[in-house]
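Just passing along the structure, written as structure tokens.
Read from first to last, the chains carry the letters A, B and C; within each, the first residue is number 1.
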Amino acid sequence: MGIFLQVLLRSLETGSIYALAALGIIIVYRTSNTVNFAQGAIGMFNAYVVTFFFSKFGFPLWVAIITGVISAMIMGLLIDILIIRHTKKVSAVAKQIVTLGLMMVLLGVVPLLFGVDPMRLPKLIENGDIKLLGASISYNGSFNIVFGLAIMASLFYILQKTKWGLAVRTTASNEYTAKLMGVPTKTVTMGAWAVAGVLGVLAGTMVAPMTSVTLNLMDGIQIDALIACVLGGFQTFYGPVLGAYIIGISRNLLLYYVSSIWGEQILYILILVFLVFRPHGLIGKKIVKKV
Amino acid sequence: MKTIIEKLKNPRFQFILFGIVLAAIPNLANVGLLKTSHITIIGGTLIYAIAALGLNILLGFSGLITLGTAGFMGLATYISAYVTINMKLPFEVALLLAVLIPTLIGILVGLVSLKMEGMYLAIATLCVSEILKKTFEELDMFTNGFSGKQAGFPVLFGSLQLDRTTTYYLIVFVLVLIMLITYNMINGQLGRALNAMRGSEAAAQAMGINLLKYRLVAFALATIFASIAGVLYVHFIRFSYPTTWNLKLSLDFLAMIIIGGLRSIFGTVLGAFIVFAVPDLFLKQIPFLNQISYVFNGVLIILVVMFYPNGVIYIGHDIKGWKEKFKKRGQKNE
Amino acid sequence: MNEEMIMPKGVVLKLENLSIAFGGLKAVDNLSFDIRENEIFGLIGPNGAGKTTAFNCITQFYKPTSGNIYFRDKDNKFQNLLFHEVHDIIKLGIVRTFQNVELIRELSILDNVLIGAHIDFKASILEQALKLPKAVKEEKDLREEAISILRTLGIEERKDMLVAGQPYGILKKVELARTLMCRPKLIILDEPAAGLNDIETSQLTKMIRKIRDEFKCSVLLVEHDMRLVMDVCDRICAISFGKFLAIGTAVEIQQNKDVQAAYLGNDGDE
């Protein structure tokens, strides 16, 4: 039981990281109708910013993180203003290619700004474990879980209970109608990109201590965030979050209990099988075309 | 004289002419105008163009988006390398197996994904590609894992050993052949059926088009082309690493056809050059730009999509339009 | 068998107690009528009456919940349409147009019409890919046939233009041309007068009669425009809320009290 709980707790941590990234993707998707393939790259870039300010300039870790968050917000705003806004007339697939271009620009710029050596980012809370029912989880891990949940909870609160959240939901539902009703859709999309950038850097900062800060930092997270969105359904904001936790937990359980080599492939195969029966995700709805 | 001009307008003739031009390139290297490394880059670009043409059939004509091209191309590289190196069977057998096996899987994917559309379909195919990539990493016995799998230049008909230049000729030959076949298919009943499937499923069904059948055909064709590209790749570049067959590569293929021109055969080849060859061929030569070739390429992709969402191949139309405008303005001033 | 009893000579389509329900809502409720050879038949009813649903059932785009649909196909064989898939219906000789004009915008008008000949192409994909003589000849022959149909409808000169950007009236003719490629036995027209002005509507009336006479087929017309329906239809069936109201000639329908109440308005004018 102890081991199981251990695996479960660790999974909650990875689940949180995927969930933050997935939330970043779905927020941008539902407001700009673009699947942001650069979400991981943006997070990676800003994780580099954090690490840079921490190690090269000696800022305290939490200040460096705030710098990264600000950098992420500015980057998100710039991306929307300079690029996304001008792709309204472009097909959906072409918009995806724009995010690919963005990914390449970031992958190219990072070595120029930050050098090619891998860097290390320490955990926010270096030592200490919590003992829970025979399992232990580090303070840092539990902080990540709680912090992640707190961020998501506040975002959902804003989404459901505030005027800004209503603006986002209206834009997500139908941008044209929202504009006609006076919703400031331009601000909404800008804000969505900024928020997505922040979610990306938070995910990056959480995962960086587990490996090192390199160009590939967010590769796995990018893919799993996308799969989480498909698993949970692109129709809602909470679907991908749910999908992310399911993926995080299932992956670790499969890797530990079934096969450490084939665990991930089995997970993906199970997800594919699931999609055969529910092609619109857990919480998706099919829109029937009338002829 | 007139018939030559008429012939030039025939796309099939254009493809063959294009092939002849491409085949002349190694001679430029012999004369010293190009380096042999350039031949490798151009050959690689042509190989990618073959896979991208398959993707164009799937996305451009049939409207089915897939992010699985990289995985299937990679699978073909490993199968072909294994069959020629480990099983020591002839190149032709390797080609057959390396195309057959991925295509069967590709058809299965088409079958399984029948009810999926748009982004769901794209990411489901991404799942498949990732499964393949992780298998390449783990299945040491077959793929050599992260160390990479090696292969040699092809040996045709049991005895004709090719070298880099002759393999390049083989690539050009296969590309032109595929361009011709694609052109024939697209301009006949198959092309119309795929377009109908993309444009209006209801109308397609009412006109007797079996959606399941044509969806499977589209997936099969795309996978066949990607597999052929994979076989050529591993016998030209002569090794295959699992990290190559990732999401970024699948996105690159998508970029090639979007930038070059959806539903355009020459556009696809052009797109392959822009996405793959331009940075390596031109930008890396200029010392300062060497560092930022990736950045440059990314910016180029963004700009092309923003200003030429239909693809660079249609610049020709725009140039014609400007010429007309200039003419009209000139006439007005008289 | 009982074929003769179910489908007497001269009847080409017969709906028998057709019903379809979506969730709890019965969109078509126990509908029965028949269409005769060479007949122009109208199906009318107020908005939401179930006309489109009914003929989507005929073409097997929806599978009915109960009832039968019998058809005498191109080879004069007796068929129950429920045993066929939607993409096989055209092979039996039934084609339809779409209210929203479902054409492929990036293709030329000629290519769009050729889609209507899809089932007539017998060459395999391989033969097409390699441009073998059989495929080349087929393509040439069917192209000529498509061009002659466009000529009949008066739009031959536009054959190589892309569908995108063509005026609405032209698009409707292209769709019509598409249905004629397979020499159908029954053409279902889905609101063909929608979006047409008076002149175009009267041209349409002439066109429908011409098609019926030249191609020796039956026409099922689903329509709102009363002038067109009363003008061109040999018989009309009126439905409301998915249920049968009345069937008869234009005059009989106009004088039917139930129809007046449900559709034409209680004071009976129009």
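Rule of thumb we're sticking to: a contact is a pair of C-beta atoms (placed from the backbone, for glycine too) under 8 Å apart; a residue touches a chain by one contact, two chains touch by 3 or more.
Owing to the predicted nature of the structure, the values given are computational and were not obtained by experimental measurement.
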{"item": "Set of chains whose contacts include both subunit C and subunit A", "value": "B"}
{"item": "Comparison of A-B and B-C by number of C-beta pairs in contact, larger one", "value": "A-B"}
{"item": "Longest centre-to-centre distance from subunit B, chain (CA-based)", "value": "C"}
{"item": "Intercentroid distance (Cα basis), subunit C paired with subunit A, Å", "value": "51"}
{"item": "Euclidean distance of C-alpha centroids - subunit A vs subunit B, Å", "value": "31"}
{"item": "Inter-chain centre distance, subunit B versus subunit C - centres from mean C-alpha coordinates, in Å", "value": "42"}
{"item": "Residues within subunit B bordering two or more other chains", "value": "202"}
{"item": "Sequence positions of subunit A contacting 2 or more other chains", "value": "291"}
{"item": "Subunit C: positions in contact with at least two other chains", "value": "61, 98, 102"}
{"item": "Of subunit C, residues touching subunit B in the complex", "value": "59, 61, 85-91, 95-96, 98, 102-107, 111, 114-116, 118-119, 121, 123, 125, 128-131, 135, 139, 178, 182"}
{"item": "Subunit A - residues contacting subunit B, complex", "value": "29, 35, 37, 83, 86-87, 89-98, 100-109, 111-112, 219, 222-223, 226-227, 229-230, 234, 261-262, 264-265, 268-269, 271-272, 275-276, 279-281, 284, 289, 291"}
{"item": "Contacting residues of subunit B [partner subunit C, same complex]", "value": "181, 184-185, 188-190, 192-193, 195-196, 198-200, 202-211, 217, 263"}
{"item": "Residue numbers on subunit B that touch subunit A, as the complex places them", "value": "59, 65, 112-113, 115-120, 122-124, 126-128, 130-131, 134-135, 138, 202, 246-248, 251-252, 254-255, 258-259, 291-302, 305-306, 309"}
